[in-house]
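Look for subunit A in each of the two complexes below; its partner is subunit B in the first and subunit C in the second.
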Partner chain A sequence: MPVMRRRDFLIAGAVLGAAGLGLGGCSSYGGSAQESAGGEAGRHWGFVVDVEAFREKADLDAICEACHSAHNVPRIDNPKEEIKWIWGEPFEETFAEYANEHMGESLRDASVPVMCNHCEEPPCVRVCPTRATFKRADGIVEMDYHRCIGCRFCMAACPYGARSLNFSDPVDYLETVNSEYPVRTRGVIEKCMMCADRIDKGLMPLCAEASNGTILFGDLNDPDSEVSRALEESFAVRRRASLGTGPSVYYIVKGGEQRA
Partner chain B sequence: MHKGGRIIAFAAVFCLVVLSPFIVNLANAAPAPEASLDTPTINALSQKECVADAAYMRDNHMQMLDEWRNDVVRAGSREYESASGQVYEKSLDGTCLECHSNREEFCDSCHDYAGVQPYCWECHDTAES
Partner chain C sequence: MLEKALRGSKGYYVWVGLLLAGIAVGVAAYANQLMNGLTLTGMSRDVSWGLYISQFVFLVGVAASGVMVAIPYYLHHFKTYGKIVVIGEFMAVAAVLTAVLFVVVDLGQPMRVLNVILFPTPNSMLFWDMCVLSSYLIVNLVIGWTVLGAEKKGFPPPRWTHVLSIVAIPLAVGIHTVTAFLFAGLAGREYWLTAIMAARFLSSAFAAGPALLIILCLVLRRSLAFNVPERAIDSLAKTVCYAMIANVFFYLLEVFTAFYSNMPGHKAPIEYLFFGLDGHAQLVPLMWLAVVLAAVGILLLLVPKWRRSHKTLVPALVAVFFACLIDKGLGLVLGGFVPNSFEQVVEYVPNPNELLVILGVYCIGALALTVLCKVAAGVRAENGDAATSETAAVEDSAARPDAADGAREEVPAA
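On to the complex of A and B.
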């Protein structure tokens, strides 16, 4: 009768253990990003932003104000603690890979509206240990604030800086509270929710509504939607699309002379 | 019995100390709370009916709210049909507190009595707190 040597036994055990770890790791890794619940399946909501329409800072300020006042987003001046759902960034910071020293004034001066990109493969959803953030069937990356434990993994995972943590009670920084929308509490992450509650009621997101057509909203899967037609007509870029996140916010850059 | 008297005396003192919280509470028992239904919206209702009957709501409103919040936030299901066929929006602010606008006399009176501190109000209905 062949007897297993101690050395063989240990090697076989280590191989089995490693195989088990690998399988377990893979299955839990693949699952979370694929989870989808709520929203109308088959839709893919997205935005198309006309970058050069945002040369005036005031244009964007009105849109940010419409969003932030409706959603009780506090105004905190300390940049380390500020809460942002939609805000303006210079072109060269929004699109570092496209910016160059020869680009026109219309781009150099633009304050590009940026927000959560509602990625097709959201890294924040993949890392969230409580599944407080999840992707709906219609492409919206939503937050369940009740479940958020404030671990900030999603903040680290998001390549767009679209997530903010409430380091202190946000109510202290709110001048007026919109009683129609809940506020958040200390230790909870928040971000743009693409006005999912309004979309469920058949309304447009507030930024698109307040933008006078400079931020288009619609179903990217529908070839007749406003966003699909705009993307067909013009060249559009997405922020850091090379990372494979599949952002749902498109930016149209036409070139200054066409507009004049 | 050697030292028996002292043992019995200290046993009695021990029992008194252990039971003291119960004895103190017996003396100042708080009266059971009366959840007030006197709000303008409820008074204006022709048929005074909640999303479920009162006994069920008294026992299970927390489970129902928990289900509602998961349904709304995670499943996008926003409508609740009651046993009587009436359809309501699943909303703490929009449906529950629309009728029960007297949070202090309705929600808080019972929560205070039962010593529970639900954290609903940290985010919902903050305008009043």
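On to the complex of A and C.
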């Protein structure tokens, strides 16, 4: 039996150690949601919302219901602990920098649909210490609920209030559970995922589908898409675009007279 | 050396017993939070960080105690700090330990905390904060423990501890800077989005850390007969004074920028903190209390006669400490969330369970500090370096005449 010399033993040890380091490096990426849900590169999915179509709160309720029931979003009455993926806010609070006392009724009364803006430069992704939230190649900002440690850095970083923490077990607040979609556990963050699973199957996000054309969805990179054409025709604003986040949700404001 | 923490006076046992009871209460409250979630805190979707993170931010500052004695001692050979440098380091250890525990109890999914290491993310400031905080903790513990061990055996400390002490200095600057960067880099939060945030963190840390260190030294002198030279206390008090003046100055810079520019987003949090906004004003009395404490503290520290008398020094240090706690703990974290993304004010009211968890975490930190200081005092007593009432009196009288103070200061002038 050959006896291993000290030098060989050390070399073998170093090789094993290096291999271990290499494997360690691989394992930290293995199975990451970022790789398993890449999205189609070159696409940039986005929404175009017709603000003045949302004069009544009821206009939005059906859309929110379609989203929240399909995605097992719990209904929590305490406004401090609410989970919200899409909801309505008054125009002057959503667009504080554009609102003024002279604006017409159609804007004053509007309940603007707000959701995750799926930013081109998402602050939440920048601050997340575990890459539990990440941006896909097609621009969708996603969440890995199994990796999130619930530090809420993303909630502090998001300038849109789009992120919710499960302060308690969300299952307690679900009347019915859609078994097609995962439920979350307490202590993790969640938000609108732009129906990435539906988009991957070639379907529209549920809010756009339920909106009767008041929320358009499409590829902002494709000049012939419905969203690109709508933006070419009308003036649109984005929420707090001056922050450099590059929101992918556009809001068309035509002015009441034009619509009458 | 640890055995020195196992034996003590009756008062020592009572103190440790109280801390253990506090820890037990905190652990029970935390178990409750683990079972029921963060709903047992006052935090909300609008104010998503509360007292836990504000204690974390403040305690990172307290950890500056180590470096404020280490820089003069190791870099400028200011020998007066020789007796207390180990206490500064041990206080930094306890402060960082407590700070990190506050981050852990703040997590929604604490079992997954190692994901921060498993998926290292350099673009997240939290990752860097973990790196500098753990390094600073380990470095201070290793230096303090090794130097004390050498002292016990009557040997000079190994050379590498000196090198490590110099490594600790940029690390100390790092913990405050990176913790400030957690806040200063967020585009939507105007109160935090300021280039002097890190400078404010450093100045407030250099005030609050040494302030607590002096109080701790006085407590140790009285309870464990720990030898603390009076001159060291006076020099540290000067540090506290200058740092606190810088801290208040930096805050006034923020106020000027916000109000002269008249930008609503920058004004709103300051208005909320000092005058109330949209009828919400729960932090107003506390913020004005901080203003009064800061003013009184600085005044008492500025006048040499008051600074040198313990009757006025201790209240001054307590005032500075709590002014920093309110400004950097409560005001900074809670004020940053006001108004929320929809221009609304949502207030934060801590939950009783949350307060019990905070009590428990502070008791853990205090126990760590007690044990470390007891060991240090035990080693000194064994080596016959205890401050008996006579030696303390001698130190006192030595410090009083200005000649003793000027002895060192004359050197550069000559």
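Some points to look at:
Here is the rule we use: the second predicted complex is superposed on the first by the 223 of 260 C-alpha atoms of A that agree within 3 Å, B and C clash if a C-alpha of one lies under 4 Å from a C-alpha of the other, contacts with A are read in each partner's own complex, and residues count from 1 in each chain.
Going forward, a residue touches a chain if its C-beta (ideal position, glycine included) is under 8 Å from a C-beta of that chain, and two chains touch if they have at least 3 such contacts.
All values reported here derive from a predicted model rather than from experimental measurement.
If you put the two complexes together on subunit A, you find that subunit B and subunit C both fit without a clash.
When the shared chain is aligned, subunit C comes close enough to touch A:M155, but subunit B does not.
In the overlay built on the shared chain, the residue A:S179 is in contact with subunit B alone; subunit C does not reach it. In the superposed model, A:S234 lies in contact with neither subunit B nor subunit C. Which of subunit B and subunit C touches more residues of subunit A is settled by the count: it is C. In the overlay built on the shared chain, the residue A:N221 is in contact with neither subunit B nor subunit C.
When the two structures are aligned on the shared chain, A:A96 is found in touch with subunit C, with no touch to subunit B. Contacts of A:G38 after superposition on the shared chain: subunit B is touched, whereas subunit C is not.
When the shared chain is aligned, subunit C comes close enough to touch A:N166, but subunit B does not. Here the smallest spacing between CA atoms of subunit B and those of subunit C, following superposition, is 12 Å.
On subunit A, the patch touched by subunit B and the patch touched by subunit C overlap at residues 185.
Interface residues of subunit B facing subunit A in the complex, by the touch rule stated above, are 69, 73-78, 93, 119, 122-127. Those residues of subunit C that touch subunit A in the complex are listed here as 36-39, 43-46, 48-49, 103, 106-110, 112-113, 115-116, 118-121, 123-127, 130, 182-183, 185-189, 336-337, 340-344, 346. Across the complex, subunit B is touched by residues 37-39, 134, 136, 142, 144-146, 171, 177, 179-180, 182-185, 196, 200 of subunit A. Residues 28, 32, 79-82, 84, 89, 93-94, 96, 123, 126-132, 147-153, 155-161, 163-169, 185-189, 240, 243-245 of subunit A are the ones touching subunit C in the complex.
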